[in-house]
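After this come two complexes, each holding chain A, first together with chain B and then together with chain C.
On to the complex of A and B.
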């Protein structure tokens, strides 16, 4: 048995764990810069995590096992997702066993348990956050699957590695279906990672928070794990978008040099992804909660139009 | 530029036309609506020019220019002035809520795909696949006229329908004869002026362009 694919798998997970805070830091630096503030630097998220890990955990008296178990599950789901998405190479042992539907399900499990944990303590904010999160999820997940099915129509596979390879080996053509799917994916990624038109990651304002409301009662290493997992989620969605829509540079073999090149390409592309994210966030205002159905409805519409235009126009 | 590349660009433009049609269906602001209409005209005009180039039909260049001047510049300008004069730039009210309208729109796209599937089998033109999109644009324009209450929005829906018809003519038969197209363009222009005059009259009589208010014959009940 060849060990190299396994080695790359491990390397990929390590990159995910170590680079996700830096990516979030990069986004924050860009955001500060765009708003004319001075930033805390790219490495501030690491310091935040270190601080949280060194603090004690404060548990509510009526917290059940769900509340204690959730941070580890959320963290584990994010790490596992890092083994499925081709970040460096398409030759991954785990990618053969799990396709993109499994990936969506992994995110869904993490979200389900976060919502349970939000309600577990019994505070008003937790329940409110859970309710909002599930409202968004019920609209975002069909749209996400629809966008992915559009992509898999073009590559005839739901495996992410296969999808990336199909784009890499095919001719670069202008395909309306993929353009629609990309637009839909960007909208969904904004909703799933809780970025600005949907949720504001930088605020604890009572009336608007969604994700922050669910994890309000967490502290210490539990909070650190959840924060880290949400950083990884942002990183993973950027990596997923790159793998599905712009996989150029991702290695198809296990040789050292292509993997190194893939790493450099990944860094560059993530840098660009950060710029795009900040441009979107600076250009838009946060939406009213009741407008979100329209936002996610248009994501679903775009994904469906992508699928239809595959049949009509291609 | 070879044939397959041109067909590729044309189908991409068709996708953009469909996207702007849906954009108009869900847009709430008046000015946004007009901008989307202008964009749709632009995509239509470029697509017509490309079809003209591929098919070697030079009169399509003229109709492309006509579309550009009429639907991208003149009509949006007239509507813009109207909205500014009548002070109606506030949000558009819809009869059906937006997500449901979108779902109906998707249904219409599927319906028109099924309707044009036999034509697509028979046709040999490069643009045959865009016929379904053209028909869908017509139907979405009609849906917009049904779901909106405001007279100006209904007119934009009507104009979007005309865009769809024009697109259908280009994609099904490489365009109508030039005389017909000139006549249609003139009709649209005259219609726009008549609409403008009507809007002023409706506005002075009813103090609003909401067509719901015209359902009653008496002023008060």
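On to the complex of A and C.
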């Protein structure tokens, strides 16, 4: 049995664990520059995590096991997703574990438990966050599925490795359906990862919090795990978009040099993804909750247009 | 002597009827009656599981002509993979629920006699088993009526409450309107099978071998679909369901929601795929559209509820919709001669049938446990039960995860298969369907996400946070028998989700029988670990890796973080420095669903009022605020009110004939006879 795919698998998970805070740090640095502030550096998230890990946990008196279990589950789902999405190579032993729909569901189970944890303590903020998070998720899901549908039309597969390989082996042509699906995907990814204009990860302003409201009661290593997992989620959505829409550079074999090249390409592409994210976030203001139906509705519309243009034009 | 599966199954039905007699004998000894009868019923159910499971696993088809029946028209029974599959589903849940009932029904002891509950429970089970075993129209309709009547008496068990009697009456009316449609449908089929001169067309064999002209077949299909849809609670025929299921005792609700609705699914599959066999694609489109509407409307109505059992009942509407989506897609694919895709869609539909039976049974049993402990159905009066009822909380949570279609539990597998069937719709030759069917996939995704939101609400408000009730409660955990029934159902949910490939291999005889093609060859190509419904390149899922993968990361993270002993401090909730937080400040069921109510409010008739109390000195400082919210089914006003008014109007007009004088009635009879003589003579 060939051990190289397994090694790459392990390597991918390690890259995910170690690079996700750096990616978030990079986004924060860019944001500081764009706003004319001086930044704390790319490595600040590592220092934050280390600080949280070394602190003791303070639990509310009536917190149940759900509250304590959720951080581990959220972390576990993110790590597993990192073994499935082709970040370095499409030749992964775990790639067949899940197609895109299962990946979305993996994030959904993490969200389900986070929302439960938000309601566990019984404060108004927790419930508010859970309610809003689940509402936004239910609006994002149809758009996500439509985008997956459109992407799967060209590659005839919902498996991410197969999608990436289909793009890699084909001629690089600009398909209108893929362009629409990419736009829809960007909007959905903003909603799923809780970025502006849907949610603001930098704020603890009471009435606009969504994700932060759910995890308001967390502290110590629990909070560290949740923060780390949400960093990984941002990283994974970027990797997901790269694998589905711009997989050039991802290795299709497990030889050393292509994988090394894939790592360099990944770094460059994530750097660009960070720039795009910051451009979007600085260009937009946070939306009111009930304006989000229009935002996610337009994501759905774009994905549907992508599907129609595939049937009509291609 | 070895019994064949069909003999075993019929022996179980006979056994259930004997339990009815036994219950009558033991009437005076209620404490003995309860464990004896329910454990016998659970044994009978387990035997039917064995019989049905064997019939499906070996792809057997056996027939029996019974010695009883009408003169010259004996009853026919048949056990084939399709009926074997439904027999397994019904038997498995009946087994869990019977064990659960031993503990649950104890709660009625001392308050009322449970003999009638036991008797109708056994008749209800026997009726359901017979419906799927029957092989002619007569015995089918008789069993159907036994099932309906028995469940009516079970719904009305606590008959001192007006609400229960009203719900049971509504149920009875809808069930009978449906039964008439099914009767007419069989009439059309039987008449066409052998001509209207002979009676032998009532057997399903005669219908199978007949060839139906498409217009008559359509009439029969539409009639039967209407009848079965009324039983299954398809929107807009669903109104009885959220009334009847919550008021029945919870073990009965579990059976009604979990398996009784499935007999209607069985009927739809039996009539279309087995009896009529050849049909145009738009039949499938009808089933698909009703399925989609039921799924979306069901989950949205469920979100508006704050009665736990009503919420679950509306989720049955949703899940019946998801099952119908699978069946509708299978019908469309079959009519376009795409057998592999049809097999995929049908497998998705019947897999969801099995899954829904398990998790809905589990959830209703859990709701029953909560009701048993708190005597409360309103979620707004609950909260924090996870500390008082830890077992029930875990088991209910497993049901919630399963029904919300989250991996690695079972609801996810069948919804994933349905998505795969949707994603393969571009291979249809019709451009219109190619463009429209993906919209269905989006609606299904919406349904799944809303269901997750609804169960975060249901579990969060009931089990998490603080107790919201007014009076301090003495809530205790449920007994072991109830727990045992729920534990087994929860384990089944997990196993069905983690090992889907084995389950699909087992149930493969059903699509083989109905469509002539199965998934067994492709789904399990890479062994039991991997589920590859059509091809490896297309899509794959591995339940074991998802389950054990997440589990091992969770365990590893937990152990790594506990190498260094870190203290956990318990502290009061941070109240932001204001006055003390109380339990009325929590989000409750109504406030949780408020954003969704705002967004999808146009689908309901919502009336919302906020009123300040009259003693308020100034608007800015209200002493009390009254909040009034009413969410109603629009279908009631659109569809049912006119029908009710029309039937009252007709009754009043007909009532004029009743003069109360014997002379008038004699004249009516005389005129009738003359008319008949003139027309028929």
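Heads up, the rule we're going with is that the second predicted complex is superposed on the first by the 314 of 314 C-alpha atoms of A that agree within 3 Å, B and C clash if a C-alpha of one lies under 4 Å from a C-alpha of the other, contacts with A are read in each partner's own complex, and residues count from 1 in each chain.
Please note the rule applied: a contact is a pair of C-beta atoms (placed from the backbone, for glycine too) under 8 Å apart; a residue touches a chain by one contact, two chains touch by 3 or more.
None of these values were measured; they are calculated from a predicted model.
In the superposition on chain A, contact is made by A:76 with chain C only, not with chain B. When the two structures are aligned on the shared chain, A:98 is found in touch with chain C, with no touch to chain B.
Once chain A of one complex is fitted onto chain A of the other, the partner contacts of A:152 are limited to chain C, with no touch recorded for chain B. Contacts of A:311 after superposition: both chain B and chain C are touched. Once the two complexes are laid over each other on the shared chain, residue contacts for A:127 go to chain C alone; chain B is not touched. Applying the stated contact rule after C-alpha superposition, one finds that A:137 touches chain C and leaves chain B untouched.
In the superposition on chain A, no contact is made by A:40 with either chain B or chain C. Which of chain B and chain C touches more residues of chain A is settled by the count: it is C.
In the superposed pair of complexes, A:275 makes contact with neither chain B nor chain C. After overlaying the two complexes on the shared chain, residue contacts for A:62 are found with chain C alone; chain B is out of touch.
Contacts of chain A with chain B, set against its contacts with chain C after fitting on chain A, overlap at residues 293, 300, 304, 308, 311.
Across the interface of their complex, chain A is touched by residues 383-384, 386-387, 393, 397, 401, 404-407, 412, 416, 419-420, 422-423, 426, 431, 434-435, 438-439, 441-446, 448-450, 452-453, 455-457, 459-461, 464-466, 526, 530, 532, 536-542, 545-546, 549-551, 553-554, 557-558, 561, 566-574, 581, 583, 585-587, 591-596, 598-599 of chain C. By the touch criterion stated above, chain B contacts chain A in their complex at residues 8-9, 11-12, 14-16, 18-19, 22, 26, 98-99, 102, 105-106, 109-110, 113, 129-130, 132-133. Taken together, the chain A residues at the contact with chain B in this complex read 173-176, 179-180, 293-294, 297-298, 300-302, 304-305, 308-309, 311-314. Against chain C, the residues of chain A that register as touching in their complex are 53, 56-66, 69, 72-73, 75-77, 79-80, 83, 94, 96-99, 101-102, 105-106, 108-109, 111-112, 115-116, 118-124, 126-128, 130-132, 134-135, 137-146, 149, 152-153, 156-159, 162, 217, 220-221, 225, 289-290, 293, 300, 304, 307-308, 311.
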